[in-house]
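Multiple structures follow.
Here come two complexes built around chain A, the first alongside chain B, the second alongside chain C.
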Partner chain A sequence: MSGAPGPILEVRDLHTQFSTLDGVVRAVDGVSFDVARGETLGIVGESGCGKSVTAMSILRLIPRETGRIASGSIKFEGEELTSLSEEEMKRLRGHRISMIFQEPMTSLNPVLTVGTQIAENVVRHLGVSWKQGRERAFEMLDLVRIADSRRRLDEYPHQLSGGMRQRVMIAMALSCDPQVLIADEPTTALDVTIQAQILDLMIELKEKTGTAIVLITHDLGVVAETTERVVVMYAGRKVEQAPVEALFEEPLHPYTRGLMRAIPRLDVEADAAGTRPRLQEIPGLVPILTQPIVGCAFAPRCSFATDRCRNERPPLVDAGAGHLVACWEVDRVRRAA
Partner chain B sequence: MTAYIVRRLFATLPVMAVVAIFVFFLIRFAPGDPAAIIAGEDATAEAIAQVRMKLGLDRPVLEQFAIWSLQLLQGDLGISIFSNLPVTRLIAQRLEPTLALTLSTLFVAVALAVPIGVVAAWKARKLVDRLVMGFAVLGFAMPVFVLAYILIYFFAVQWRLLPVQGYAPIGEGFWPFVESLILPSVALGVTYMALIARITRASMLEVLAQDYIRTANSKGLATDRVLLLHALKNAAVPIVTVIGIGIALLISGVVITETVFNIPGLGRLTVDAVLKRDYPVVQGLILVFAGAKVLVNLVIDISYAFLDPRIRY
Partner chain C sequence: MTDAPVLQVDGLVKHFPINGGLLQRQVGAVKAVDGVTFSIRRGETLGLVGESGCGKSTIGKVVLKLIEPTAGRIVLAGEDVTALKPGAMWTHRRRIQTIFQDPYSSMNPRLPSGTIVGEPLENFGIARGAARDDQVAQLFRRVGLRPEAMRKYAHEFSGGQRQRLGIAKALSVNPDVIVADEPVSALDVSVQAQVLNLLIDLQEEYGLAYLFISHDLAVMRHISHRIAVMYLGRIVELTDKRTLFTQPLHPYTEALLSAATAPDPKRRRQRKKIVQGDVPSPAKPPPGCHFHTRCLYATAECRVTAPPLLEVAPGHHVACLRRPVGGDPGPLSIPG
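And then the complex of A and B:
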């Protein structure tokens, strides 16, 4: 995968804002990251941290009435996406960059057959006939291991289970062999057993097709199992980035540490009464994004915070071996481990 | 599906029976006496009684009802008290203008309202949308007869582009037929256009906010495919429902339009028959109107299953 030159996707200093009645929401506030060809990058953070908006910004699917990419650069194969015309963008979507969403129950059109919904993507982008498009749809359903795929082509989404619908979404997204697949919480709405199947399927298909995956999730378990590198976002900013092993071995940002302490663990001993220690939540609330944030966005909730944290925005610094963190007090955090 | 249609058709029989009973007694309890009208203004009581006897109106109401019902079951709607012609023939003669006016009005309304509703939803809160919605309010508030006279004044009297009134049967040439229908269709159609455009916009706005539209956009599909296939097909059920209600209202609405534009259709026939208390004709007409509405309802219900695969009967 590393033979090709340069990253497939480069996001630089992205600012995406929404106009609301309460003022301008800075949903994404200066985020940068690269996606290498064929890699799986995780973007983690809690609800409202801007991870989905980042994904929608890459495809330029931010609703135009309320939101806009205020500044920054998104390059796909070296081509600047923010300055493309809408028509050029449409040629890219679903063809070279495609996306799957969190809600398989509502993301498929209820009045069109599964076959039509996959085939229309192929017909649109590869310029083939509807007959060939349908044939491709049939191949794709086989690829995502939907049994009895020939018959399923003529079925409607309501005749399929949630897991099957997400498989259909994956089949649709991969039908034109995209270079990048953005998966926004693809397993959150599914049963745990189905979650594992869908993730395995995505990784397997990635190995087969060489498609890079940007996996957006709030679930650190999913990140640990499937990604190679991780970006941690908080309040519209990137606070940490590291190869997945390094992140789990030594999380450097207090926020990342907080997230990890909030995961239930089986390796912690239960006491005599059979109860385990309470999970630790992160105290406080996510900041209101209509106010400009001075300093570190996490400072009000952080036990390490100093005056400097509250007044000066910490830059991302390399803590070694590609492990980036935006924290003034990283040395203290490290010692506190 | 076939079983459902057959079942629904059978279910219309009791509905029609109730309508028949209701209309028969209602008109007899209404004030006014056809015998007095036929006998003339200066007629004596005996003369009126004689006419009444000739018409069979002196018999007990229940007996009259029994006679009429038996005829009805044989498809016979009776004979007009005034013209002595069979009611079925009177209705058949007047059916073409009304059918033509109803269908052309419907065509004008749907063919314009659905596209402008779609565009308004697509460009929601932009200038086009505000213009469309402003027009909708105006169109909805404008009484049909006012609009009809305005249209006649400009298009027929001032600019002489179209005939003032009257109807040209399709048998007398297609273009005169179309010409005679344009003004009445527009006058009658504007209200429905406003109604259908509003519903289309509202229904489309709701659908355009759905996740599957985001999916369609994430596939880079062309705007017309997203709007006209992915969105409109989902938005269709409420739109079709309103079109159905529109057809039902139209059937009653033609009464006024036919009078204003002097079109010899069922509406005019109804007005004349009611004024003269021509019982068999009124009864026959109301049964035909009721039958038409029941049929429209059935067609609308069946269309749901074609628009939304989740609906099964």
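And then the complex of A and C:
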């Protein structure tokens, strides 16, 4: 882990847009955040909130035919990523910044053995021999606790279970000691018991290697149990950011509050047999991102909304102790408890 | 809730053949459902929970008679429907309807939504023409859609609205039982709450029985009255939801509960006994208790003897050799 000061990743006023037949989709609409060295930052939100597009923008994986980073800055170790050439980005990806996705099968090559794929990444980025690359692959499979790792090196992805494939993806992603690991819904496709194993593994490896993790998910349970700081996104914008304890202790944005009340919970006192309390709904739908959003994007669904909310975009303000929220009515929200 | 079960399933078995070799002979079988018994009363939700490959969705399909059971008995509203051929089953389809995870794939993209929802009314000769349109409009209102939306096509609706369409269609023939297979898994949380609330309201209004299939324990606890936990084709524990979540007796149930994440950072690191390893293949389940390969408490006996599902306490059924009838419900000891 580098002892250099300052965040490892700085995203400033990022705008990422896609051209569609219905018009320009403002998928990410002015998002800023930092990732500190060695921390786990969660980005949470529902489908279409821009969380995955934010990740793809950092990795510069936005499909060129339809999308583009319209403006903003992404700095990794002080270096501006938005102006790098594709060649330069390729040298960075899988080496100093790496990623894992929801469905490992789509990111693994079906005709190459697991060992070859991990070794290839190491050989390409670190310039070592194939023999050393293969040795590294063996080490990595051990690290992610794949039993019988020597034999598994020579297996193909289809011979592995879903949980094991995700372990292989993690092994590959960490094989060149990256400073940042971007994990987009890494456990969403996995069964509950396997999800728990993978989350525990990610946290353990993060502590061992000092790699910062950006964890993108829709699952508040996963966020609560694995991250240190959380960014909440809605309709392409950051609406709240806080240390994880503070966010769950006192969510300040009406959207975050709504989300937390809408989920059925396992950890609250069991209710008497037969009674089923109503879940609190968030009325309405997410806005259509091809139309410009005036004011707060959540205003049409918000019970606190005023005329100001409908007309002026609320800035992010610090509500104390690093808890940022973009809401004009935060004082009223707070009092409403 | 009345006591007579509206759906009764006895010893249900569904094996899928595995063919192999040069002549494609049957060389084995995936025992997707391996002797399952349960019943559901009017107005009751029975949850079926388990991980992929446990057979929960296959049970749903067999109960709907979309696929034929290998063995066992299905009694729907007092009538044995196990052996009915598709033609004879048709009249019983009014009694049992289904809601899918992705209703979009079951909707004709070229038909207006009103026609899709009204199809069963015509098929079963319940209503035609203007009378049908009236009933469809009422159904739309009942599930929270505007009747004007009847002219719109499936792709013009959001995911949550499509699920409302699917519910309206299932409701149209006034069934006794609805099989709901992961009906909210594809929905965002804010929309998921709307659909769960709607399902509960409709159940209370019409006395519907739900067979609710899901992998999500929190959703399950919210909507179910009783819950059956499945592992590799068998029910390992079946009881009312309060007991299941406060006093689980089967080691697999305990593992599932401890693996579930909760939206509470203070609970982090409190997870204790997470099972290791993967679910074995249902084509080659381990002998004895299927769970013994991952179970902390397994003894030599568990490796050879399949545990029967026993009512160890009133209404609490468990299939575990270490949980005998009237046994101590306290924590199990790990064998030396």
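Definition applied: the second predicted complex is superposed on the first by the 325 of 337 C-alpha atoms of A that agree within 3 Å, B and C clash if a C-alpha of one lies under 4 Å from a C-alpha of the other, contacts with A are read in each partner's own complex, and residues count from 1 in each chain.
Following the convention adopted for this analysis, contacts are C-beta pairs under 8 Å (C-beta built on N, C-alpha and C of every residue); 3 or more make two chains touch, one makes a residue touch a chain.
All figures in this text were calculated on a predicted structure; none of them were measured in a lab.
Chemist: Does the superposition put A:108 against chain B (first), chain C (second), both, or neither?
Modeler: first
Chemist: Thinking of the overlay built on chain A, is A:164 touched by chain B (first), by chain C (second), by both, or by neither?
Modeler: Only chain C; A:164 stays clear of chain B.
Chemist: Taking the superposition as given, does A:197 touch the first partner, chain B, the second, chain C, both, or neither?
Modeler: In the superposition, A:197 touches chain C alone.
Chemist: Of chain B and chain C, which one contacts the greater number of residues in chain A?
Modeler: Comparing touch counts on chain A for chain B and chain C gives C.
Chemist: Check whether A:225 is in contact with chain B, with chain C, with both or with neither, and answer first, second, both or neither.
Modeler: After superposition on chain A, A:225 lies in contact with chain C alone.
Chemist: Taking the superposition on A as described, I'd like to know which of chain B and chain C A:248 touches: first, second, both or neither.
Modeler: second
Chemist: Does chain B (first) or chain C (second) touch A:280, or do both, or does neither?
Modeler: second
Chemist: Look at A:95 in the shared chain and tell me whether it touches chain B only, chain C only, both, or neither; answer first, second, both or neither.
Modeler: In the superposition, A:95 touches chain B alone.
Chemist: Touching residues of chain B toward chain A in the complex: what are they?
Modeler: 124-125, 210-212, 214-222, 225, 229-230, 233-234, 307-310
Chemist: Taking the touch rule as given, give the residues of chain C at its contact with chain A in the complex, in rising order.
Modeler: 51-52, 158, 160, 188-190, 192-194, 196-197, 200, 215, 217-219, 221-223, 225, 240-243, 245-246, 255-268, 271, 274-276, 278-279
Chemist: Which chain A residues qualify as touching chain B in the complex?
Modeler: 59, 61, 65, 89-95, 98-99, 101, 103, 106-112, 120-121, 124-125, 156, 158, 169, 172
Chemist: Any idea which chain A residues touch chain C in the complex?
Modeler: Spelled out, the residues of chain A in touch with chain C are 46-47, 161, 163-164, 191-197, 199-200, 218-226, 244-245, 248, 258-260, 262-267, 270-274, 276, 278-282, 285.
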